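Just so it is clear, A, B, C, D, E and F label the chains in written order, and each chain counts residues from 1 on its own.
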Amino acid sequence: MTRHDGREVDQLRPVNIEKNYLMHPEGSVLIKVGNTKVICTATIEDRVPGFLRGQGKGWITAEYSMLPRATAERTQRDSSRGKVNGRTMEIQRLIGRALRAIVDLEALGEKTVWIDCDVIQADGGTRTASITGAFVALTIAIAKIHEIKPFAKFPIVDFLAATSVGIIDELGPILDLNYVEDVAAAVDMNLVMTGAGRFVEIQGTGEEATFSRDELNTLLDLGEKGISELIAIQKEVLGEAANLVGSLKEEA
Amino acid sequence: MTRHDGREVDQLRPVNIEKNYLMHPEGSVLIKVGNTKVICTATIEDRVPGFLRGQGKGWITAEYSMLPRATAERTQRDSSRGKVNGRTMEIQRLIGRALRAIVDLEALGEKTVWIDCDVIQADGGTRTASITGAFVALTIAIAKIHEIKPFAKFPIVDFLAATSVGIIDELGPILDLNYVEDVAAAVDMNLVMTGAGRFVEIQGTGEEATFSRDELNTLLDLGEKGISELIAIQKEVLGEAANLVGSLKEEA
Amino acid sequence: MTRHDGREVDQLRPVNIEKNYLMHPEGSVLIKVGNTKVICTATIEDRVPGFLRGQGKGWITAEYSMLPRATAERTQRDSSRGKVNGRTMEIQRLIGRALRAIVDLEALGEKTVWIDCDVIQADGGTRTASITGAFVALTIAIAKIHEIKPFAKFPIVDFLAATSVGIIDELGPILDLNYVEDVAAAVDMNLVMTGAGRFVEIQGTGEEATFSRDELNTLLDLGEKGISELIAIQKEVLGEAANLVGSLKEEA
Amino acid sequence: MTRHDGREVDQLRPVNIEKNYLMHPEGSVLIKVGNTKVICTATIEDRVPGFLRGQGKGWITAEYSMLPRATAERTQRDSSRGKVNGRTMEIQRLIGRALRAIVDLEALGEKTVWIDCDVIQADGGTRTASITGAFVALTIAIAKIHEIKPFAKFPIVDFLAATSVGIIDELGPILDLNYVEDVAAAVDMNLVMTGAGRFVEIQGTGEEATFSRDELNTLLDLGEKGISELIAIQKEVLGEAANLVGSLKEEA
Amino acid sequence: MTRHDGREVDQLRPVNIEKNYLMHPEGSVLIKVGNTKVICTATIEDRVPGFLRGQGKGWITAEYSMLPRATAERTQRDSSRGKVNGRTMEIQRLIGRALRAIVDLEALGEKTVWIDCDVIQADGGTRTASITGAFVALTIAIAKIHEIKPFAKFPIVDFLAATSVGIIDELGPILDLNYVEDVAAAVDMNLVMTGAGRFVEIQGTGEEATFSRDELNTLLDLGEKGISELIAIQKEVLGEAANLVGSLKEEA
Amino acid sequence: MTRHDGREVDQLRPVNIEKNYLMHPEGSVLIKVGNTKVICTATIEDRVPGFLRGQGKGWITAEYSMLPRATAERTQRDSSRGKVNGRTMEIQRLIGRALRAIVDLEALGEKTVWIDCDVIQADGGTRTASITGAFVALTIAIAKIHEIKPFAKFPIVDFLAATSVGIIDELGPILDLNYVEDVAAAVDMNLVMTGAGRFVEIQGTGEEATFSRDELNTLLDLGEKGISELIAIQKEVLGEAANLVGSLKEEA
C-alpha cells in the first residue's frame, strides 16, 4: 500500500528554500515543504532580556503564527481572541529551544535574535518546516554580522533540521506527514536533530493511542534519514556561508 | 526636481497582482505595489453576524495585519501585546467599509465574507494596496460561488481601488507615496474610488500641518488618475470574471 | 423640504460652551451642540512619552469615551469589555492629531497635554463637538501656564474647530447632522479646519454608497461655513485668552 | 476646633439632586454633595441574567466609574488599563447590593435594572453620593413603568441613602467627610440605611489604625442623623413619586 | 433550636493551625476552621512598591485564591477567565488592609510582605480564616528576620484575628457561619479585631435584608467572643514568637 | 559518585498518594514525590464541549497551576498577569492528552472530566507527579460513578504514570530528577507510559545541549523501571478499584 500522494514511507516531500525572501530582515527565507509554506526571519538586536543582562551571553527567542487562511478553515487570529493559544505557545517555545541548542550563546555575545516563523500555507509539518527554515535565516543573519565584524568563534556550532514521523494504522511508520496523514496518525512524533546526528528534541505523542519501544525505534530511524536529507539541502542553499557553521576565526 | 526613485509626481509604482496565491481560500492574491507586498484572501461563510440575522442581507468584514519583519524595525505582534492597536483597527474598519460600498449586500444574501490582508513586506501604502488586492480576491471568491449557483444579480456592482496622495515640501503634490515619501509628507491622503469614478472614502490628514482647498483639488486629480490605472490592472488580472462585475443574470 | 428639527440645510445647531466646568483640571469645558453634550478637559504633565524624550518637544494625546447612557440604548463600558473598541480608538486618534496640527510642539516644550472628551449625552456629532470643545479647554490650560511663566511663542498657533456634513437622499447636502440625520445619511464627512480656513482633516465616507466630485465640493462649502461660525463662538467664550492664539511674547 | 470648611462635626455638605438630567435614560439625576458630582442613571431591560431566568424575579446591577479628571491628579481610565480596578469593583458591588436590599425582586418581575454612576467631580464620598443619587434615579425609572402598567406591589419598598462618617485625630468623629478629611481620617466608615432607620451596609475600616466599641457607637449616631436628612431631600426631589415607595396598588 | 452541626450559637468550629506547612516560604501555615482549609504564606521582599520608595516605610499586600474544587461546584480559575473577579479583589484588599492595621510600617522598614492565602477547601468563612492564618504566617516570617537581625521595635504591634457573625431567621444571631449557614443568612458580617479588643474592620451586609441597631450590638458581642478565642489559639501555636508581638528590643 | 540526596541513579524518590484528600470533588488525591506535593482532583460534568456534542463521546481536560510559594522564589499568579503562561499551557495540554490515551472516550459517554492539578510545593517533577496523581483521582471518580450506574465497559483501559529522566554531566543518566538535578541537567526527558509498558508521551529536550541514540536508550530503560514502580504504588492505593481498570461489566 502506498501513500495517497504516491510517496514511499521513508520519503520527504519536495523541499525548497528561497533565501533573502524579504528586503528588511537581516536573514529571511521562504521554505516550502510540499504545500506547507513558511516565511522565517531572523532579527538581531544589540541587547538581551533582563534575566541575562551583564552575563556576556546572547539569547534566541521565537514567535510563530499562521495566517488565518493558511488553513482549510479560516482560523481566528490570536490578536482578535486577545491571547496566544496553547498550541502556538508550545511551538514557539520549541523553535527557540531547538535553535539555542546549536548556538554558542557566549560566542554570540550580548545580542538577542528574534526568530519569526509565519505560516503562509499549512499542509502538515509547519513547526518542523519552521525550524528547518529558521536555521537558514539565522545562519544568514549571523553570517551577515560576521562579515562586518568577525566572531572569534562563529556562534552557530552545528546544523539543525526537523521533521515529523508517525504511525498510521494502514501504513505503519512513515516520514514527513502531510495534513491528511497527520489527522489519521495514531502516533505523531517531531524530531529535531543536528548535523552530527544527535538529538535536540523528541516529542512523541500517542493521539488517544500508545506505541511500543520497537515502533519508537523504527520512527527514529525514519527521522534520522529525513533530517540528514534536509541538512544536505540547507548546505546547498547556504552556499559558502555553510562553511562558517562550526568554524573558528582563522589565525593569520 | 524628481522623486528619489525616479518616478514622475503623477506616476504609480509598478503593480503586480498574482491570482490564487494560496491553495485554501476561496479567493486570494499576492499584490505588489513597488516593494509593498500584501496577501489578500476572501473567505465566504454561510451565515451572518447576530445583528443581521434574518434580514436576507450579507456582510463583509476585514482584518489586517503585518508580519513583524514586514518593516525595517521589527514590530511587536498584536497577539504578544494582547490587543489590536489603534492603527490596525482603523485600517481594518476602512477596508471592510470600502468593500461594502461596491457590494449589494441584499444580492449577496445571508453570507459573511471575511477579508484578510496580511502585509508581508511594507514600503508605504499598505492599506491602499490591501483594498486594491482585496477587491480582486473578493471578486474571485464571489465568482467561484456564482459559477456553481449563479446569483440573480452579481453582488459586486462596481470596481474599487485605492491609492495614496500627499504633499511633500520640496515636491508638492505626488501620487502613490512610498515609505520614505510618506514619512516626509506634510499632508497624507488615502482615496478609495469606484470604476465609475465616484468617491468611497477620502481620508486626508495634515501631519502637524494643514492644507488649502486648492491643494486638495490637485491631490484629488492625482488620485483619480492613479485609481483609474489600478482598475485597468484589476480588469486584466481578473480576465473573464471582470465582466461579472455589475452584471445581472441573463434571462433565457 | 426642511430638516425634521426645522433647521436650514446650512444651519448649525445651537452651540454653548461653558468654561471651567470642573474644579480640578487645568482647562475644562462643557460643550453643547444641540442635544450633544461633551465634557472636555486638558491636563498638562511635565514630561513627554519615551519616543520624544530629550527632543525639546511636547506631545498632545486624547482619550474619548461615552457614558453608557449617553445613548438611547445603553452601551457597554469599554472597561467591562476589557478593551477599547475600534470606533473609540479612531476618534481619540483623530482628536489628538487634529489638535497637534495647530500646536507648535517645540514652543510647548517637554510637556504632555492629555485631552479627555467624555460624552455625557449623544445626539450625533460627538467627535466634532469633542474637537471644538477640546480646543477651548486646551487654550484655557495653556493660557493658565502662560500667565505664570510666559512662553516665548504661545504654542497654539491658530484656532481649530470641527463639524460634520453629509448627504441625505431627500435633502441633499446638509451641515451638522444630528443622530437621526446621521443614521439616514448616505455620505458622512467630518471636517476639521483652522481659523485661517485651512484643512486639518477630511474624513468622508460613503455608507454603502458613493459620492461625486461635485457633491464633495458642496459638502466642503457647507463645512467651511459651519466651522467659521464655531470659531467665532470659541473666540467669544475665550475672551481675552483668544488673543494669545498665534501670538509671540512682546519684546520690551 | 471646627472643620476646615466651617461645618459642624455632625453637618452634611449642601446636597442638590437634579432630576431627569439626561434625555435618554429611563431615570437619571445629577447629584451634588458639596463639590462631589455624580450622574446616576437607571436603565430597565426586559430580561434577567442567566442565573435568574425563569424564576419570576428581577435583578439590579450597578457600574461605577470616574472621569479621568474628576480627581485632582488625572486617573488612568480602566479601559486603557484593560481591566477594572479593585476599588471600582468593590464600589459597584456595594451599590448593587444596597439597592437590592430595598427592592422586592419578585414584585419587579423578570427585569434587570442597570444602575450607572459616573463621577464627574470627586471631593470625597463618591460611593455614598452614588447610592443616594442612584436611589432617586431608580425610583424615577420604576415609577415611569408603573405609570404605564402599574405593579401590583410597587417594587421599591423603602427609601435608601448613604453617607460616610469617620474619625480624625484633631476632631474626633465627624459626618460626611470631604476629600481632605477622608485622607486625614484614621477610621472611615460608610453607612447605608433605609427610611425605617435600619442598616443595609456598615463598612468600617481602620486605615493603619483601629477603633473602640464606643467610637463605633458615636459614628453610628452621626450616620443615622445624616441619612435621615438625605432621605428628606430625596422625598422632596421625588415629589409625588415618593408616595409610591412602599405602596400597594389600590384596590377598586 | 440548635445549629445543624450541633454547635451553640456562640461557638466557633474546631480550629487548627499547622505551622511551617511548606518548605519554601519564610512563613507558612495550614489553617483549618471546621472544614475550611487555607494555606497562608508570607514572603518578604527587600524593596517596596514605587509609591513608597525612599520613605523608609514597608508595605503588606495580599492575594487570595481558591482551588477550583475547593467548592462543591467546580469554580473556573481566574487565570482561565483572564481576570480576577470582584469578590476575590475585595477579599485580597481586605486581608492586606487588616494586616497593615497591626503592623508598624516604619518599624518594618523598606520591605514588602506578600501574603498569599490559597483556599484548599471551602466551607464558609474563607476570608476570615485567611486573616487569622495570615497573621500567624506573617508573625513567623517577621520573627525569622528578627532572629537574624533584630528590629529596634518588632513591627507587629498587636494580635489580629477575624471571624464571621450573622443572622438566620430561625436561629437569630450566630457566630462563625459555615457554608450552609452563610447561604441561609439574612445578615452577614465579617469582623476583624485586635488582641486589645479594638475593631479593624466591620463589614456588615443585609442580603436583600436589613438589620436593626440592637441586632448589630448582639452580632458585635458574638464576634468579640470568637475573636478572643482565636487569638488564644494563635498565641499557643506561635509559642515563644508570640512574645515578640508588641515588644521593643531589650536594651543591654 | 552518588546523588546529593543519596539516591541511586535508578531510584525514585519516596512516593505517597493520599486518597480522598478533599471533601468536595468526585475524586481527589494529595500526591507527594519527595518534596513535590500536588493536589489532583477529578470533576465529572454531564456534558461535553461544543466540538463533541452529539457524538456519544466524552472528553478529558486538565488545568495545572502552582501556588505562588510552591517555589523557592515567589511566582506571580497567572491571574495577576492576566494570562496563562506558556509553560503552564504546555503542561496542562500534556496532562489532558496523556489521560485521554488510556480512556475509552466512547465508553465514557457524553461526559467531561475536569482534571485540576495544583502544586502546593515544588521540588522538580511537578508535571509527572501531576499525571501520576491525576490518574488515581480520575479512577476514583469514574469508579464512584460506576458504582451507582455501572458502565458496560469501564472507561479506563490501562494504568498510566509518568516520571522524568535526564542526563547530568557528572552522573550520567538518572531517574526522577529533583529541582537541583533538573537545573543541572543537560538533557531532560518526561515519559508517560501505561501499565502494559507502552509509551504515551516522550518529551526529550536538550537544554542548550544534545544527546545520542545510545543515551536515549539508557534514559528509556530508566524511565520504564520508574514507571512500573509508580504503577505498583497506584494499584496499592486504589485497592479494589484497581481491578476495574481495563475490565468489562460481568455478564449475569
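In this text, contacts are C-beta pairs under 8 Å (C-beta built on N, C-alpha and C of every residue); 3 or more make two chains touch, one makes a residue touch a chain.
All values reported here derive from a predicted model rather than from experimental measurement.
Counting steps between touching chains, the shortest path from subunit C to subunit D takes 1.
Between subunit A and subunit B the centroid-to-centroid distance comes to 34 Å (mean Cα coordinates, whole Å).
The distance from the centre of subunit A to the centre of subunit C, each centre being the mean of the chain's C-alpha atoms, comes to 52 Å. Taking each chain's centre as the mean of its C-alpha atoms, subunit B lies 61 Å from subunit E.
For subunit C, the set of residues touching two or more other chains reads 82-83. Beginning with subunit D and continuing to subunit E, the ring of touching chains reads D, E, F, A, B, C.
Considering their complex, residues 22-25, 28, 35, 39, 41, 43, 45, 63, 65, 67-72, 74, 77-80, 82-84, 88, 114, 116, 118, 120-123 of subunit B touch subunit A. Residues of subunit D that touch subunit E in their complex: 83, 86-87, 89-90, 92-93, 97, 100-102, 105, 158, 189, 194, 196, 198-213, 216, 220.
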